Amino acid sequence: SVRNEMALANAQQLINKCNEKCFQKCVTKPGTSLSGSEETCLSRCIDRYLEAFNVVSRAYTDRLKERQERP
Amino acid sequence: SVRNEMALANAQQLINKCNEKCFQKCVTKPGTSLSGSEETCLSRCIDRYLEAFNVVSRAYTDRLKERQERP
Amino acid sequence: SVRNEMALANAQQLINKCNEKCFQKCVTKPGTSLSGSEETCLSRCIDRYLEAFNVVSRAYTDRLKERQERP
Amino acid sequence: MDAFPQKELATFVENEQAQQRLNSSIHTFTDMCWDKCVTGLPSTQFSRSEASCLSNCVNRFLDTSLFLVKKIEEQREASRN
Amino acid sequence: MDAFPQKELATFVENEQAQQRLNSSIHTFTDMCWDKCVTGLPSTQFSRSEASCLSNCVNRFLDTSLFLVKKIEEQREASRN
Amino acid sequence: MDAFPQKELATFVENEQAQQRLNSSIHTFTDMCWDKCVTGLPSTQFSRSEASCLSNCVNRFLDTSLFLVKKIEEQREASRN
């Protein structure tokens, strides 16, 4: 269905962005494998990025609702 | 008309770019509303970005004319 | 042919990226013409960017082959 | 296509496209606000200043957009007089 | 379509597309030159160094492009000999 | 089209598109790894640390991608139990 396709595309874009931002932040000098501290940083970064996505998403949709109630 | 549509798209892209660059420069720690100093910064930034657009536009079109006169 | 068109598009994108990255790195305060030291920097930068492209390309294709051999 | 009249299909497509633009904006805003607000190494929770920066970020961006449009219209008015 | 022959329509579309590419380039160059030249807080006018940086920026970018193409062609020549 | 059956054409197009995606990824990775690894002024050859950074960069990015997917699946599993 169109709804499922869009939800999948949305999830894929979120994963790609999260990957890009967390690699940028946590792996500053790429070595021959991911170190323990790099993996700890990545784990935290992933949680924080998904949280940031939810905070931003809620702030934006709340704003749009406000604008509909007080045009 | 096609001309009007293109002029409108061009203006919209300029506004979007100006918005992005000036928010980046002037609102470094977003608060609960835009402060007086943030608004002053934004007002100047907007004037400067539009001015930069004109300077760059003229430099580029002058260069293209030059290349037509001396191929 | 499709192959030639794709090779041409690939070369064009590489030239565009190289141009962007090396202008960014070597021409920090644009003057009325490219100086000798700017041209030296650009010459080295171009060689290094093309080398980086080959290193990255080989690392990526090797990784894809590995994944095919050990699924 | 008897079960799905043309008009309802057009409305459905319009809504799905609006939802897609919304999703796209949220990704762009998250990217921008992450870069602006989360400047240090990530921790097990956001600091108070990171959290308030993230929740204010989109609203201040939209306020900036309104400010810009208002300024441009004021300059147009002034140039007509 | 008698009032707008096929050949003139093709020329019109080509010109409009060329204009669109020009506009698109100007936006890209303004973005790049703003980031390179306007590094501090904006003021009520550009400083002398900001102004000259902005007017030189595009031309030096295009010079860089010519330099790059020339270098690649010189390397091709050398590899043929 | 007798010389080029439908099935072989579909396979050809699929392969060309896969090659195009590969090329596109290599450009994106080169851009990302250049910014990460080549931080100073360019020289007549890469330093040892620049060279090893560039050859490790793509692989660590792909490892990060696997790590991310694994973490998300672990969190899904945990939320089911």
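We just call them A, B, C, D, E and F in the order they show up, numbering each chain from 1.
Throughout what follows, a contact is a pair of C-beta atoms (placed from the backbone, for glycine too) under 8 Å apart; a residue touches a chain by one contact, two chains touch by 3 or more.
Just so we're clear, the structure is a prediction, and the values are computed from it rather than from any experiment.
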Intersection of contact sets, chain D vs chain F, gives A
Which other chains touch chain B while also touching chain E?
-> none
Most widely separated chain from chain C, with each centre as the mean of CA atoms = D
Name the chain whose C-alpha centroid is farthest from the C-alpha centroid of chain B.
-> F
With residue numbers as the basis of comparison, which of the pairs A-F, C-E or B-E duplicates the interface of A-D in over half of its contact pairs?
-> B-E
For chain A and chain E, what's the span in angstrom between their mean Cα positions?
-> 34
Separation of mean Cα positions, chain D and chain B [Å, integer] = 19
Whole-angstrom distance, CA centroid of chain B to CA centroid of chain C, is 29
Could you put a whole-Å number on the gap between the CA centroids of chain C and chain F?
-> 16
Would you give the residues of chain A that are in contact with at least 2 other chains, written as numbers and ranges?
-> 22, 26
Which chain D residues reach two or more other chains?
-> 37, 56-57, 59
Looking only at which chains touch which, which shape fits best: line, ring, star, complete or other?
-> ring
What's the ring order, kicking off at chain B and moving to chain D?
-> B, D, A, F, C, E
Contact set on chain F toward chain A in their complex = 32, 36-37, 49, 53, 56-57, 59-61, 63-65, 67-69, 71-72
So in the complex, which bits of chain C are touching chain E?
-> 15, 18-20, 22-24, 26-34, 39, 42-43, 46
In the complex with chain F, residue positions of chain C that touch it = 2-3, 6, 10, 13-14, 17, 21-22, 25-26, 41, 44-45, 47-49, 51-53, 55-57, 59-61, 63-64
Going by the contact rule at the top, pick out the chain F residues touching chain C in the complex.
-> 16, 19-20, 22-23, 25-27, 29-31, 33-34, 37-38, 41-44, 46, 51, 54-59, 62
